[in-house]
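Next come two complexes, and both contain chain A; in the first it sits with chain B, in the second with chain C.
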Partner chain A sequence: MGTVILLTLTGLGLAALYFLVASGLSLVFGLADVLNFAHGLFLGVGAYGTWWAAGNLPGAGSDGFGFVLAVAFGVAAGTLVAILVELVLIRPLYSRTIEQVLVTVGLSLAGVALLQATWGADARPFPRPDWTRQVTGILGAQVPNGGLLLILAAALVLGAILAFLRWTRYGLVIRAGVENREMVTALGIDVRKAFTLVFAIGGAAAALAGALGGVYFGTVSPGQGGSLLIFAFIVVVIGGMGSVVGSAYAAVVVGLVQQFVNYYGTSGLGDICVVGLLAVVLLLRPQGIAGKVATA
Partner chain B sequence: MSARSEPGLRAPQSRTEEAQLEPILNVEDLSVRISGLHILQGVSFTVAPTGVTVLLGRNGVGKTTTLRAIVGLTPPAGEVRGAIRMGARSLLARPTHRLVRGGLGYVPEDRCVFAGLTVAENLRLAERRGTTPAYDRVFALFPELDRRGRQRAGSLSGGQQQMLAIGRVLLNDNRLLLVDEPTKGLAPKVVTEVAEVLERVAESVPVLLVEQNLAVVRRLARDAVVLAAGRVAWTGDARELLLETGLTKSLLGVGSAEVRAPSARSELASPAVARKDQP
Partner chain C sequence: MTVIDAPRAQVPDELSPQRGRWHRVRPFLPLVALLVLAILPYSTISLPGIFEGPVNSPGTLQLLAICLIFGGLAAGYDLLFGRTGMLSFGHALYFAAGVYGTDILVTRAGLPLWQAALLTVTGGTILAALLGAVALRTVGIAFAMVTLAFAQVGAILVARDFDGLTGGEEGLPLDVSGLPAGLVGVTNTVNLYWLALAYLTLVVFVVHRVSGSPTGRVLAGLRDDERRIGVLGLDPYRYKLVAFTLAGGLASAGGVVYVLIVGGASPHITSSELTLSLLVMVVLGGPGTRWGPVLGGVLYMYLDHRLTAFGTSDAVDNLPAVLSRPLSQPLFVLGTVFILAVYFFPGGLTSLAPRVSHLTRSLRPPPFDPPSIMKL
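Up next is the complex of A and B:
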């Protein structure tokens, strides 16, 4: 029983990480038709931004309010990079899919190389509050606090994005744009502003994933974003392009499948099962769980 | 058939005095090429500053392409040449949202309401900062939209969706409305309702209408522009056109009996020219 609960909660922790990365990817693809392979870079910037701030930013540190400040710095850095990427690299290339893919793939490679060149290829210990290293007993399972923090953060982000989509003017524009972008412009709305906004939201969520993933794993390394991104893409496809709620469901399914199969089967089998799941979903329901609607 | 509009084909006495005022829209030598297809080949016509000007022609002659070129929605792979002017202002190469904010209202083919949003949200999307949305005007024309505010637009009937698509545009003041096949696929009774609404709308704002239903054309249109094979084949008084059996037959492929039939849902499409306007 304890094992099942532990696996469920660590699976959900993994799901939280996937969701934080996938939600932005999904919105960006749903609204702007951009497959952003550089999304992992935002995660890396968030992680390294937090790590750097904890050591160098006055007032920031690895505990208490200082840690919150460090994470806020990391998230701000990730958001800023996402906005810059959209404005400078993606905007001139809308509706040119091949060029976009090339640019974002290139950017993700260059970004990782830049992080390596600056801080080295080796994993660095991540500054984190002491309580995140400890475990909490839940129904007989010893669950790492870092995972619980991730689950909590993902739930908050999910709630915040849904509230934003549901209640704000820009949320309305994004939901409408995911459905029919051209018609949004035909109503007199500059949809490109919404593109930038969606990149910013996605960048912020991914950077938060980077910071909290650092807490969860205890280390930060340049390649982290890339491996997470593959599973985030799978989550986006299973969940349905453009659907935040779909991404949330899909992240939970993928996280749990991976965790349980890796534990009860052979290690690594879980990853294969996830790819199998992707194939099944594509065959039976190509539009994903939630289809192409930014549900709120 | 002559490719350009010949002066001889124009009926000079048919233009009313009003229509001789400065046109609201000038289209000059408009050519549109989309992925190798030369869809429009030098189209020129004007839209009168009042009333309804109807754009006619068989399927695939480029009516929708013309409207989309005017509102700046030619696909990125497409190439547009010529001139489109509203007053002194050139509309070409300006982004769609600017054109629309400048007073060009566009009601697309197939309505294109946002199916996942509620009726109220569809309308709210059309609101603009700095102006007061004219909900009174919209709800006076379409009380149904007020009552169904919380319903998802995707669950509306075709007629209601058309009302929503028109209402969305009427929320703001427009200098010209572009309306693409508003009665397509609607039941005869609803067709009449839509025609009535457009008749009232056209009292205050000029309309460039694409319409296949000749009964609706007869009721609404004052001027007609007929396209054939990517060029203007005829321009002049709409009623004149519909009275000329030979003309309607050669240009639109229908006889006048179909025009006169009260519930005429004329299928102008002949199977040989079933190419869609848009690729």
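Up next is the complex of A and C:
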């Protein structure tokens, strides 16, 4: 029993990580039709921003309030990079989908190389509060606190995004834009402001994922974003593009499948099962669990 | 019954393209280039700064051979991206299938090379057909993500090293004892170079023939307007599957040659980064053109190898750290160039020549034309 609970909770931790990356990707894709390969870069910036702040920023540290400050700095850095990328690189290519993808591809290559050039290719130990290294006993399972922190953060982010989409004017514009962008434009609303906003939200969530992922894994390396990104893509496709709730469901399914199969089957089999799941979903329900039909 | 020939259409002079000075020679230029490349290993010229050592030294020949392979791979990928408009992020899988397939069959199963190569290319083609059949049920960005996910499975399979087949992180060195003597050893690098050249020629020929055929026109139609092709009564799915399978088969053939040149397989060729760099090559060279992707592939691999040497050279080391560190990362330089290319020369390198000639023509002073009053 203890094993099952442990696997469930660590699977949910993984799911939380996927969700933090995928929610932004899904919103950006749903609204602006941009498949953002540079999303892994935002994650990397968040992770390295936190790492740097914990060591160099006055007041920030690896414990207590200092750690909160460090994470806040990392998230701010990731958000800033996301906004800059949207304004400088994506906006001039408005509605040219393929070129936008190409630019984000170039950005992901160059950005990761830049991180590597600045801080080296090797993984660095991540500063984390001592309590995240410990475990909590839940129903007989010893669950690492880092995973619980991730689950909590993802739940908060999910709630915040949903509340934002549900009860604010900008949220209304974003929801309407995902459904029918032309109509929103025709009503005289500048959707491109919403694009920037969605990029900022996605960048912040990804940067948070980078920071908390660093806590969870204990290290930070330039390539971390890229490998997470592929599973985040799978989550986005399974969940349905443009749907935050769909991403949440899909992230939970993917995280649990991966964790359970990797434990009870061979290591690595879980990852393959996830791709099998993707193929099945695409064959049976090409628009994903809860999304609009993904075209172009 | 008399047949009356229709009168020839009169094309006004200003509408027919101007014949360049070299229009008679142009069709033969590829042959000349092929000949030059074929006899290149006989020359002992050394080009300091461009290559280390003379042209026919094994190191240079190996670099050239890798460049040629990637020229061919990029041309094959262009069949998908530039000519059919399919954005696949999983092309590395079929290349890796060629590399690992040959390596495993030769090293682990002890098959002779020709059997291994034949089996691998057949297997790679079938793999592409099967996965393409699933992936092509989606279109556009979803297709890109699905191919990416499939390629990721390949990467995981190789990295997890089931049954010790692939060697995992360390890769799998090729067992050369069973190979033909002409393909083994440093002194025989020249044969591998010719093999790579033959591969490139094959790919360019196949892509050229396909794109000129009726099928190729349908593919171009799919790129421009898929719905129209459907309305015309053709099945887009079937044509796309043909292009996908063909490109996959060509890539796995490239893998067979690559494993011989490099002498082993390493897991980094399964990564999605390889597909992304193929995309960069095609876009840099000029998608949908005959020579653009080849040029892009050759240039990219050359720069990727040489920029590493450039990055550690004194000229760069003496720069301030802010500049020298990013410059020592080939991917940073190439990624930046790629982004600039997407913005400023979207047609790639091949679109530069017409632009430059246009520029020089407009800069040239116009021929002296006496004002009409003087003629009176």
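Simple rule for what comes next: the second predicted complex is superposed on the first by the 292 of 296 C-alpha atoms of A that agree within 3 Å, B and C clash if a C-alpha of one lies under 4 Å from a C-alpha of the other, contacts with A are read in each partner's own complex, and residues count from 1 in each chain.
Heads up, the rule we're going with is that contacts are C-beta pairs under 8 Å (C-beta built on N, C-alpha and C of every residue); 3 or more make two chains touch, one makes a residue touch a chain.
Since we're looking at a predicted model, the values are computed, not measured.
Student: Look at where chain B and chain C land on chain A after superposing the complexes, then choose clash or fit.
Tutor: Pair status: fit.
Student: Looking at A:106 after the superposition, I want to know if it touches chain B, chain C, both of them or none. Which is it: first, second, both, neither?
Tutor: Touch partner of A:106: chain C, not chain B.
Student: Taking the superposition on A as described, I'd like to know which of chain B and chain C A:35 touches: first, second, both or neither.
Tutor: Touch partner of A:35: chain C, not chain B.
Student: Once chain A of both complexes is superposed, is A:284 in touch with chain B (first), chain C (second), both, or neither?
Tutor: neither
Student: Determine, under the contact definition given at the top, whether A:236 touches first (chain B), second (chain C), both, or neither.
Tutor: It touches chain C, and chain B stays clear.
Student: Taking the superposition as given, does A:182 touch the first partner, chain B, the second, chain C, both, or neither?
Tutor: A:182 sits against chain B, while chain C stays out of touch.
Student: If we overlay the two complexes on their shared chain A, which of chain B and chain C does A:266 touch? Say first, second, both or neither.
Tutor: Touch partner of A:266: chain C, not chain B.
Student: Looking at chain A, which partner touches more of its residues: chain C or chain B?
Tutor: On the superposition, C touches more of the residues of chain A.
Student: Looking at A:114 after the superposition, I want to know if it touches chain B, chain C, both of them or none. Which is it: first, second, both, neither?
Tutor: second
Student: Just to be sure I read the superposition right, which of the two partners does A:88 touch: chain B = first, chain C = second, or both, or neither?
Tutor: Once the two structures are laid over each other on A, A:88 reaches no partner at all.
Student: Here's one for you: vertex at chain A, rays to chain B and chain C, all C-alpha centres; what's the angle to the nearest 10 degrees?
Tutor: The angle comes out at 80 degrees.
Student: What is the minimum C-alpha distance, in Å, between chain B and chain C after the two complexes are superposed on chain A?
Tutor: 9
Student: Is there a shared patch on chain A that both chain B and chain C touch, and which residues make it up?
Tutor: Dual-contact residues (chain A): 294-295.
Student: Touching chain A in the complex: which residues of chain C?
Tutor: 87, 134, 137-142, 144-146, 148-150, 152-153, 156-157, 159-160, 162, 272-273, 276-277, 279-280, 283, 325-326, 328-332, 334-336, 338-339, 342-343, 346
Student: Could you list, by residue number, the parts of chain B that touch chain A in their complex?
Tutor: 71, 73, 76, 95-97, 100-101, 106, 108, 112, 114-117, 121-122, 124-126, 128, 168, 172
Student: Would you tell me which residues of chain A are touching chain C in their complex?
Tutor: Interface residues on the chain A side: 29, 33, 35, 37, 89, 92-93, 97-99, 101-103, 105-114, 116-118, 226, 230, 233-234, 236-237, 241, 266-268, 271-272, 275, 278-279, 282-283, 286, 294-296.
Student: Can you name the residues of chain A that touch chain B in the complex?
Tutor: 95, 169, 172-173, 175-176, 179-180, 182-191, 293-295
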